[in-house]
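First, the structure itself, so that you have it in front of you.
Naming follows writing order (A, B and C), and every chain is counted from residue 1.
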Amino acid sequence: MSMSNKRKRKDFVLQAITYAASLIGVFILSLIIIFIFKNGVGLINWDLVTNDYHAQYYNGGINEIEIFSKTVKPSELSESDFYSNKWGLALTDDINREGRAIVVVSYLANDSPLHDMYDKNDLENNTFALEIGNIVSSIKFENKESALSVYGAEKMINALENETEFREIVFSSLGGGIRGSLITTLYTIFFTLIFALPTGVCSALYLTEFAKNNQFTRIIRGMIDMLTGVPSIIFGLMGLAVFVPLTIRYTPASGANILSGSLTLAVILLPIIIRSTEESLKIVPDEYRFASLALGANKTQTTFRVVLPSALPGILTATLLAIGRVIGESAALIFAIGTAVKDEISIFGKSTTLAVHIWSLMTDEPANIELASTISIIILIIVLVLNLLVKLLSKAYLRNA
Amino acid sequence: MSSKNEWLTSLKQPLNLKKKKGLIDFVIQLIFLILTIISASFIVIIIVFIGKEGIKPFITDNGGIGNVDLIRFLTGNEWLKGTAFKSNLYSVGFAIINTLYISLLALLIAMPIGVLTALFIAKIASKKLSAIMRTIIELLAAVPSIVYGLFGSGLILVFVYNLAKIFGVQSQGGNSVLATILVLAMMILPTITALSEVAIRSVGKEIENGSLALGATKTQTNFKIVLTSAKSGIFSAAILGIGRALGEATAVSLVAGNAQSGPSLDFFKTTSTLTSIMLQGLKETVGLDYDIRFSVGLVLMAVILFSNLILNYAKKMVGNVDVK
Amino acid sequence: MKKLVLLLMVLLSVTLVSCGNTATWDSSSKITLYTRDTSSGTRAGFMSGIDYAEAAEDDSKLSAGFVTKDNTGILTSIKTDEYGIGYISLASLDDEVKGLKFNDVEPNVANVINDTYKLKRPFNYVTRALDDFENDREKEITLAFIAFLHTTDGADIITNEGAISLPSSQSWDDIKSDYDICSLDNSDITIKFGGSDSIEKIALALTAAFSPKCGNFIPEHDHTGSSDGFKRTQGTEKDSANYKHIGFASRPFKETEKGTDDTQGQLAWDAIVAIVHLDNQLDNVTAEDLKKIYRGDYGIWTDLLG
């Protein structure tokens, strides 16, 4: 009896240790999530995901003005909205997604002369208007220093209020969105899996189901194992030396592109997929194989109809790990896909994934830790969604099977 | 007559089928073999490519600077003596030791946690809890390494800095061996957990049932029988884990402090690994100072290969119950 | 499950508390040096600014035990490390660290423009050799862009981006009649920009503003480091797939990177600031002080503060 009690206590302790170990993982993830949320939650909104990265710039000029605005500062504007009576324009200070100070148009009176500017870059000089939400980067005058957004909205309004004309007003849309990088990431996941999954799973099938236990197999296995040890930065250099020229030669690409990045990532993923698939193929009891063979199925049928389906949950886990790696990889992709942030995405063109986007933000001077954290949150959300999706799919599959 | 013919064909059919079957098997096996060889051949491409670049500093005079001395390179304790772009006195001996030291300790921390978590997920936790835990591990695996670096430099460095203070040591802003180990341990934890879990789940039910039938408790079986039977898979997890630890660059370079000489064994001293040396100034540098990074990469790959060989040997020594 | 959550909360709060404790500043502590690596333009600018140029590319000239980090790494480390000293680009300076006066001059844009603040480095550009463009339109747009850099409009953008522009007197409106190419539709022309990372933000802002002024040509940015600025316009990679029309360098061009005069020039200054922890008693340093700190003559803060 005492023996059994001792056993029970020991069991309890051992079990508690596994709880504690698991808790550490939970703890680390919580810390990371708290950390990135603390830094990045301020910027998270739907616009960030749908907006372009590159702002569109406009240069407005103005003809001689006969009638200025007569609108007085509307009561709904606050103290932080600086208002010019003459121009019927209110400007306010804000911070953009890059963490830089910007000046935003918060109000424009109906009788403001700024409704009738002409587009200096348009050959016909068509008229256009300033709009609420536009970002004013500078107002330039003849024979006077320009009013710049870096000095704030108040100074800009004061400079404008003192003048009856200006040479040029430079304004833009709000850039810094991550739509392009998001699309590139999804493309990259898709193409990487297309290259890596079949190759990896077939290699694993060969190694577990077909290969004889001889010197040749051991060498092959050793070579694949070695691949796991290659640091991603070296994969990146390899991608730059092998896949980038290859895609330039056989596709319309002219530099590093999504395809070369995906191929490089596929090589990185191969050993991971092969390893996990092999491990899950080992779970499949030999009786299944024997039973299938005894029923007259050949080796191929056995492999595809019996072994592979039983190993599917393991392969799904491998796929998820792989997707996680694709989303998170930056060192290799800096070389293999490039760091140019784009809005129009083509699989043969330059663009960059979210992780490399984060990397770019972090290596900026000054680094944009807020937006980097926001993108990290988005990455975690994507992974979570994919994760749940794959789990639902596999559940549905198991129910049908 | 016809019935006899029928009888004959029915006799032949299985034979024909068998031949056809054999052909399909052969073709499929061939395709699989080709794909396997392709998978395996990338390591050759990488070695040839990195080797070609990495050997250059030792056999050419590097634009008048003079060739790098291989022995000095592999054994010295200071990254570069003299002025960058003008000196050829490079060495990474200290960084090799740092890299192995840090990765080994990171593995020592991550291994028990990872394996126990895997055991928890596979055998102990309820179905719901294990699904949640698995998702958490997969999320951890997907955190980009640059974010681990960001997190490391934002939180781990502060933690280590204050920890050092408690011990009465003035650390250099927390940039240290310890910070690097902690960040690496976090980064390899999900890899080790995920692969160990697969290995643990692959242990045959009959082994487990045998143990239970002999009167062992569930917990006893889990720790003594299941873990022992899964050790081949767990070793594979360790191999992948240490590979990642040895090769991780971005996060390490943000918390290591990038000491230019060493080795650093003191937990609160700054350090540098082969990868952090490769990465440092990589984008702004030219000439020999650029080429030599490939040599460092070559050394790194040799180190990884070496440690893989040792771990594979160890794996064989502990025996593998269930490897086909 | 409840117990788990509780335990998690306790662990979290212990960590957070351990990060928050502060102690008084002790001047007998060792000085921790933070520096950029030997390939950094900021380091070159800083070391020559404190009259210690021999340490720009030679780590053995620095006091042992220094920490090598990038711009952001130095900034975040100094926020934690009460006894550290480092240097960053003025544009990165925030109020969580103390930016030191240099030879009694406050580090700010005004003092850099009036040339009283001396700790600075140049931002340079390089174009392809003028006879090495694939077609005349690319060449004309490149030349127009370089001209734009030197206008008041270009200077405004550089100032808005936190760098210090060079004095200029003409606006783009004054000179645009010299650049006929900009009155055409150039939306089929791609101009490739590369070189220094540090200048990427400025270059992006410049091209975003200039493209609509010059027929909407497509600017393509791929910034991979200062050395690629020359390498990919006039150097070894000028005819590779990575070629550029215009490259940037956040440091003076090396002797091996000299092109003809009409292809290279300066577009801005970047001020460098020595920074310490907010609790540090130091407010002002001289070039001599910094040299002694980085050379290792001063080992603890008392050496400097007395």
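The rule is simple: contacts are C-beta pairs under 8 Å (C-beta built on N, C-alpha and C of every residue); 3 or more make two chains touch, one makes a residue touch a chain.
Values in this document were obtained by computation on a predicted structure and should not be read as measured data.
Viewed as a network of touching protein chains, the structure reduces to a complete graph with every chain in contact with every other.
The interface with the greater number of C-beta contacts, when A-B is set against A-C, is A-B. We define each chain's centre as the mean of its Cα atoms; on that basis subunit B and subunit C are separated by 36 Å. Taking each chain's centre as the average of its CA atoms, subunit A and subunit C sit 26 Å apart.
In subunit C, 15, 197, 224 are the positions where the chain touches two or more neighbouring chains simultaneously. In subunit B, the residues that reach two or more other chains under the touch definition are 154-155. Residue positions 19, 26, 31, 362, 369 of subunit A each touch two or more of the other chains. Residue ranges of subunit A in contact with subunit B, taken from their complex: 7-8, 10-11, 14-15, 17-22, 24-26, 28-29, 31-32, 35-36, 39, 198-200, 202-203, 205-208, 210-211, 213, 220, 222-235, 237-238, 241-242, 267, 270-272, 274-276, 279-280, 282-283, 285, 298-300, 303, 314, 317, 320-321, 323-325, 327-331, 355, 358-359, 362, 369, 372-373, 376, 379-380, 383-384, 387-388, 391.
Residues of subunit B touching subunit C in their complex: 78-86, 129, 153-155, 157-159, 161-163, 165, 170, 172-175, 254, 257-261, 270, 280-286, 289-290.
Across the complex, subunit A meets subunit C through its residues 19, 23, 26-27, 30-31, 34, 54-59, 98, 100, 120-121, 123, 137-138, 140, 146, 148-150, 167-168, 170, 172, 175, 244-245, 248, 254-255, 338-340, 350, 362-367, 369. Partner subunit A is touched in their complex by these residues of subunit B: 21-22, 24-25, 28-29, 31-33, 35-46, 49-50, 112-117, 119-121, 124-125, 131, 133, 135-151, 154-155, 186, 189-191, 193-195, 198-199, 201-202, 204, 217-220, 222-223, 233, 236, 239-240, 243, 246-250, 275, 278-279, 294, 297, 300-301, 304-305, 307-308, 312, 322-324.
Residues of subunit C that touch subunit A in their complex: 4, 7-8, 11-12, 15, 70-72, 75, 88-89, 91-92, 94, 152-153, 156-157, 159-160, 162, 171, 173, 183, 197-198, 200-201, 204, 208-209, 211-213, 216, 220-224, 241-242.
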